[in-house]
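Shared between the two complexes below is chain A, which has chain B as its partner in the first and chain C in the second.
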Partner chain A sequence: MLAAKLIEGLVFVLTVGSGLVATLLLVDLLRVGKGRQGVAYKGGIGQWSWVAHRVTGILVVAFLFGHIVDTFGVGFGPELYDETISLYQQWWFKPFEVALVAAVVYHAFNGLRIILFDFWPHLALKQKLFAKIQLAAFAIAFLPAAFFMLRSALEESPLG
Partner chain B sequence: MNVDLNLLRYNPEFDSRPHFESYRVQADPMERLLDCLHKVKWELDSSLALRFSCAHGVCGSDAMVVNGVNVLACKVLIKDLKQPITVEPIRGLSVLKDFIVDMEPFFAGYKAVKPWLIVDESEHEPARERIQSQEERDRFEDTTKCILCAACTTACPIFWSDEEYVGPAAIVNAHRFIFDSRDTGGDERLEILSQRDGAYKCRTAFNCTEACPRGIKVTKAIQEVKRVALYRSF
Partner chain C sequence: MATVEDIYRKHKPKAFSPGRRPSSTEVWWWFFMRISGVILLFLVLIHLYVMHLVGSGVERVGFDFVAERWANVGWRAFDWVLLVLALLHGVNGLRIIIDDYIRSPGARTAVKGTLYGLTAILMIMGTTVVVAFDAGVSG
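On to the complex of A and B.
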């Protein structure tokens, strides 16, 4: 069905494209690119946490938008909806789902870290420690999920 | 020892865009970067433009991006820098020539927060001094140390993309008066800092705290201002 393919395409382009664009914009802002005059600002873990927060935020919003569009398809009958949703069952789409999980988990934990500083300003003195705790929490929550998701993707793939 | 410098030069009269030029000077490892820049200017290329005044980390004139981070050229020792030393003007403000930037947007943010003592009009000439306890004074001790060098504000990624943001230095100076027990202008300042370009634009990237040559806990001060601005509304 053409409509289903179009919606699938939209979800795909939004998710991958916006993440890429967000990353490029931020990298440009920090002057990492070789074409720019000057060197990247060598901020610490706080700066890079902020960059990652922005990139994952845009990624999640873009996917959410695509997801609203594909759910909207349910109003046109189960055939269209089922065919659209089948995109998420494809083995090659799993890595993107893993990226989505990473984005959501990172954004959530980093958001909690920032909220801590908002309400208890003295914690800002230990910002590097909190950034490391947040990264550790992210790894604990994300890595097992990524393992199981990628394992099932591998089993379904031609390699499996 | 030989000191290799990569300086980001820009002269609006001749250059369409900034470009790097390399210089080599002789210096003692215990000399400061400002000494090397002076050697370039005095001995190799007199067209190099930079600001400095006291040369001892007090006036705050010579903030620059050195090897990717904001420092005062007069405070950083040659032995602590990896060579070749890359020097660029501070970011987020338009470059007038070489390391001289237009500081007006920075000072506009500073003035916007009314960085002076505001007291009750009727108390203009008080009969006695305004007494303050040690604890009351300690409340804002950290933020009295600001020298307005703009190292914090021009290290802020939010300020790079939005000159209208008052910036960390302005909030630090607002903090200095908001938490001063003698001052009565706290509400006025919090009103200004609660607006779109005020304290809430801070995204806690902590570049300001790491860049401050005076060691001010800038992000902590900003967070304290945000918090008091928030709780004021309840």
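On to the complex of A and C.
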């Protein structure tokens, strides 16, 4: 169906486009390390957390735009909707799905860290420690989820 | 390389003077980002868990799945709150990023205008389908 292909195309364009924007941001931010001026703070793990927050935010909001459009399709009946979301059910789409989950979980935990510093500024004196705690929390929440998601996809892939 | 402190000492931007009060709209958006962020943490993680991990994950999602889920008005309310908070949180984030990277006033207005128009359309699309979806009519 044409409409389904168009929506799938939109999701694809948004995914690739946001990836490109995120890469451009990263390139811009990498200049920080070379001592040139950019949108920058002081470097180190705090700076990289900020970069990751921005990049994951862009990826998630881009997918959100596409996801609202594909969900809108459910109002047009099963034929359109089931064909549209079959994109997400391909085994090769699983890595993108896992990347989305990683971006969301990272952004969520990093956001909590930012809120902590905003309301209790003295905690920011130990920002490096908090960044490490946050990475550990991210790993604990994300890795099991990724394992279960990838396991089912692997069974369906030609490799499984 | 000039450090942030050097730049501050040289220019003494008014933004940092003790008497200056921040724009109240920006303060409210700052506050909204924190509040919506905390609420979204729970809503999004529940959404991801229900849609991507339980059972066979995304493979089981389809028209019938949505129809069954949205037969419950509680899930409709959940999805609508998730839609509104996530869209506003995301677009406000994009607005801040646009301010950081697009310096020319004309381009800034054009990009932001497009973004806000798109946001309005997406908000209407999402709200319509969550509120008005009827499995009997569209199925």
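The definition used in the following text is that the second predicted complex is superposed on the first by the 145 of 160 C-alpha atoms of A that agree within 3 Å, B and C clash if a C-alpha of one lies under 4 Å from a C-alpha of the other, contacts with A are read in each partner's own complex, and residues count from 1 in each chain.
Here is the rule we go by: a residue touches a chain if its C-beta (ideal position, glycine included) is under 8 Å from a C-beta of that chain, and two chains touch if they have at least 3 such contacts.
Since the structure is predicted, the reported quantities are computational estimates derived from the model, not experimental observations.
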Using the touch definition from the top, say if A:A108 reaches chain B (first), chain C (second), both or neither.
second
Contacts for A:G46 in the overlay, against chain B (first) and chain C (second): which applies, first, second, both or neither?
first
Check whether A:P121 is in contact with chain B, with chain C, with both or with neither, and answer first, second, both or neither.
first
On chain A, which partner touches more residues: chain B or chain C?
C
After superposition on the shared chain, which partner residues are touched by A:P78: those of chain B (first), chain C (second), both, or neither?
second
With both complexes superposed on chain A, which partner does A:V60 reach: first (chain B), second (chain C), both or neither?
second
Overlap of the chain B and chain C footprints on chain A, residue-wise?
39, 41-42, 118
Provide the residue numbers of chain A that touch chain B in the complex, in ascending order.
29-30, 37-47, 49-51, 53, 114, 117-119, 121-122, 124-125, 127
Interface residues, chain A side, partner chain C - complex
25, 28, 35, 39, 41-42, 54, 57-58, 60-61, 64-65, 68-69, 71-72, 74-78, 81-82, 85, 88-89, 97, 101, 104-105, 108, 111-112, 115, 118, 145, 148-149, 152
Under the stated contact criterion, what part of chain C meets chain A in this complex?
1, 4, 34, 37-38, 40-41, 44-45, 48, 52-53, 56-59, 61-64, 66, 83, 86-87, 90-91, 93-94, 97, 100-101, 118, 122, 125-126, 128-129, 132-133, 138-139
Which residues of chain B touch chain A in the complex?
8, 17-20, 65, 67-69, 86, 88, 91, 155, 157, 160-161, 203-207, 209-210, 217, 219-221, 223-224, 226-227
